[in-house]
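By written order: A, B and C. Residues from 1 in each chain.
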Amino acid sequence: MSTAASNFSIQTRDVNLWYGDFQALKNVSVNINQGEVTALIGPSGCGKTTLLRCFNRINERYGNVKTTGEIRILGKNAYDPDVSLIELRKAVGMVFQRPNPLPISVYENVVFGLRVHSARSSLKKSLLDEAVEKSLQEVSLWDDLKDRLHVRATTLQLEQQQKLCIARLLPLKPEVILMDEPCSALDVEATLAVEDLMLALAGTYTILIVTHNMAQARRVSRECAFMLLGEVVEVNRTQDLFLTPRDSRTADYIEGRYG
Amino acid sequence: MPGYFRRKTFDILARWGSLAMVMVALVPLVAVLGYLTYKGIGGISWAFFTQLPKPVGETGGGMANALSGSAILVGLAGLIGLPVGLLGAIYLAEYGDNAFGKGVRFCTDVMAGIPSITVGIFVYGLVVLRMRRFSALAGAVTLAILMLPIVMRTTEELLRLVPVTLREAGLALGLPKWRVILGVVLRTGASGIATGVMLAIARVAGETAPLLFTAFGSRFISLKLDQPMGSLPVQIYTYAVSPYEDWHRQAWAAALVLVLLVLALNLLARVITRQPGSGR
Amino acid sequence: MDEAGNPGRETHQKEPLAAFSGGGNLGDQVFRVLTAFFAALAVLVLAAMALQMFRAALPSLKQFGWKFLSSTDWDPVLDSYGALPYIFGTVASSILALLVALPVALGTAIYLAELAPLWVRRPLGILVELLAAIPSVIYGLWGIFVMSPWLRDSVQPLLQKIFGWTPFFKGVPRGFGMMAGCLVLAIMILPTIASVSRDVLLAVPNSIREGALALGATRWEMVRKAVLPCAKNGILGAVILGLGRALGETMAVTMVIGNRPDISWSLFSPGHSLASVIANEYAEASGDLYLSALTELGLILFGVTLLLNILARVLIWRVARGPAGARN
């Protein structure tokens, strides 16, 4: 690995996680490079989504979750007692499997984050307008939607909805964007469009994507982590991982023996 | 971080505020149950269950007439209402994913919200006027109609919880669908049916208003279905609005018995099956 | 017929196998028609109710026409009937009850569905539902002997001292009256509104919650800005359902409201309601027109609650689809 330690956005050490009695993550230690797309792959139930959901601590919604170990996000342990979930989630955005825009207008979706995170007096209309235009432009929705900013977001096409879900993270200037199979609800063209968007956003943001689709991992990611039964088996440059896997289990998965 | 403290405060306020609302909501429950026990327990005796009411002015006596009357009315209502409700529920759960099923489902939902007293008026015209007298039968028909939506909807929801794979297993063995329903679905869903039945009985056992002018009331134990018949809730009402101290005492005792019965049925129904929609 | 439904269940007996299944298929037909008949019976009862009550109310409808709604006479001796005081009492007590119950019910629903720790949700939910299971007549009994005396001795004098100058708290504090009626109603509709609203909130997809949380919203912000907007129509439905229940509620109201057909601004004065006049007078109504007028009161009640329930169900069904099957 060529990158220096300071260039990691996320570093985990010995992360273990239990849902009740079931251990979903076992001694996970990975480093995620800053400003790159990293993919988490593995068969269903291997813990990749669970791991992703640790990074913004949204796992904790369910009462019976226990997490140990250390997850450093931008150098700060996310599980320290003094961490504010609000600030953590502001810095670590998330895109979900199914597009989940809020049932309000496109405009309000984009500024939702700003509205909850800033004092009302500091939000001038011009500032909001600017944020909306900038964010939608970044996800290349502006031209499509600039005349329809006040339609209900849930009436958009799925592809637009998913891009909107990405756009609404941007005004908060997140460091990391987590994506949980962001294309699984989309058709081929929409998938490609969202993938292009990921590539465009990489560099500015650290993107971590969970995917079932190995071809997608190859297309979008620089680094790739393969997980199996709650463990991280192998992390490597994507092309190396696919061409010359070091672990036989990785090779088996890539060749389609399971999953 | 601007407003961070304010937002956190709002969050905490909302939690405690809504918890306070829950507590306010539960005050009447505690108050009613508390008073019932406090005032009712003294009136419960052997005589209460076995004796007929004494004439006005004499103390003592019991509510045997009302207890037997309620049992007969609810039992008869069950005989009429439950088969209809259960078969209807089977239709809705098994075949009801069409326009007709949707319509029926909608009607039963709406019916559950119709005031019970209007059902009494309906049955008054249907049965009481024809028979030219108040009767146990009219009371039972009223209660049966009131049972119908509850049995149908609860049972349907719970039958739907029987996994599709079980049905398919039966069908794959070559059983015709109706045998699968009777043999597999109903057997697996038996607890769901029991729940529906118990909730319906609990609901109508306390029903008062429509009985005032269908079953009316009676001070005697009677088995004649074409004669007026007493019932626990009606007797509670009559005694409660009467001016006699001793009747008030008996009303509290009767109320305690009724509430224990109704709550026990409700709790039992919930123990048997998890109600759909409550919690995840 | 079942195209709309679960295809997995039906495919086994479509045409190709029909040739082999012979008798079984006939059995299916019979069974299906039989159960459909009983399902239809529920609809028929509702239709028959409407028809029968309309027919029974016809003499009164003919005799009094629209004036029935605006007249304040209720005189069995002169056979002259008007419904206004009863309509007033019903509407006023129900709306006041709604105002009292609404904040508590919504707070309860939000707590139970969104904010409570997971382990208390179910037990607390059951307690709230038990509140709905207690029969009306029991609330009435409690209202007569506990609540009304309490209102008379503690609450009403206090209110009069502070707000006595408004028209709402004039007159002698009696305990029985509009205020007692609307309080007992509030208690009775509270669990309806709370539990239906809770179910509506639970039907809001989890992804909406996670979307808001992942943007750094607090739980309360998540509820207020993401979940409630999704659920607002369903909650409106729950409120209307509660209103319908309040309008038709009989025993508890008649036992505490005072049963006098007065129209007054004061919460202390006695009132009457559609349901309670029916409960009080139906059994003893002599004379065809008297009975018919009472039936017309019932018809009004039936019509209004029917419409409200239809509206409420439409609203609720849109958010939380009625049958479990349609949700998958």
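Everything below uses one rule, namely that a residue touches a chain if its C-beta (ideal position, glycine included) is under 8 Å from a C-beta of that chain, and two chains touch if they have at least 3 such contacts.
Treat the numbers as computed from the prediction; the structure is a model and nothing was measured.
A.B. asks: Counting contact pairs per chain pair, which pair wins?
C.D. replies: B-C
A.B. asks: So which chain ends up closest to the centre of the protein, judged by Cα positions averaged per chain?
C.D. replies: Taking the mean of all protein C-alpha atoms as reference, the closest chain is C.
A.B. asks: For chain A and chain B, let me know how many angstrom lie between their CA-based centres, rounded off.
C.D. replies: For chain A versus chain B, the centre distance works out to 51 Å.
A.B. asks: Counting only Cα atoms for the centres, state how far chain B is from chain C in Å.
C.D. replies: Computed value for the inter-centroid distance: 16 Å.
A.B. asks: Between chain A and chain C, tell me the centre distance in angstrom, where each centre is the average of that chain's C-alpha atoms.
C.D. replies: Averaging C-alpha atoms per chain gives centres 46 Å apart.
A.B. asks: If a residue has to touch 2 or more other chains to count, which residues of chain C qualify?
C.D. replies: 218, 221
A.B. asks: Which parts of chain A, given as residue numbers and ranges, touch two or more other chains?
C.D. replies: 86-87, 116-117
A.B. asks: Which chain B residues touch at least two other chains?
C.D. replies: Residues 7-8.
A.B. asks: Can you list the residues on chain C that touch chain A in the complex?
C.D. replies: 117-119, 205, 207-218, 221, 225-226, 229-230
A.B. asks: Within their complex, state which residues of chain A touch chain B.
C.D. replies: Listed in rising order, the residues of chain A that touch chain B are 84, 86-87, 116-119, 122.
A.B. asks: Which stretch or stretches of chain B touch chain A in the complex?
C.D. replies: 1-4, 7-8
A.B. asks: For the complex, which residues does chain C have touching chain B?
C.D. replies: 1-2, 4-6, 8-9, 12-13, 21, 23-25, 27-28, 30-32, 34-43, 45-46, 48-49, 52-53, 55-56, 103-108, 110-112, 115-116, 121-122, 124-131, 133-142, 144-146, 187, 190-191, 194, 199, 202, 218-221, 223-224, 241, 244-245, 247-251, 255, 275, 278-279, 282-283, 294-295, 298-299, 301-302, 305-306, 308-310, 312-313, 317, 320, 322-326
A.B. asks: In their shared complex, at which residues does chain A touch chain C?
C.D. replies: Those residues of chain A that touch chain C are 56, 58, 61-63, 85-90, 93-94, 96-98, 100-104, 112-113, 115-117, 165, 168-169, 172.
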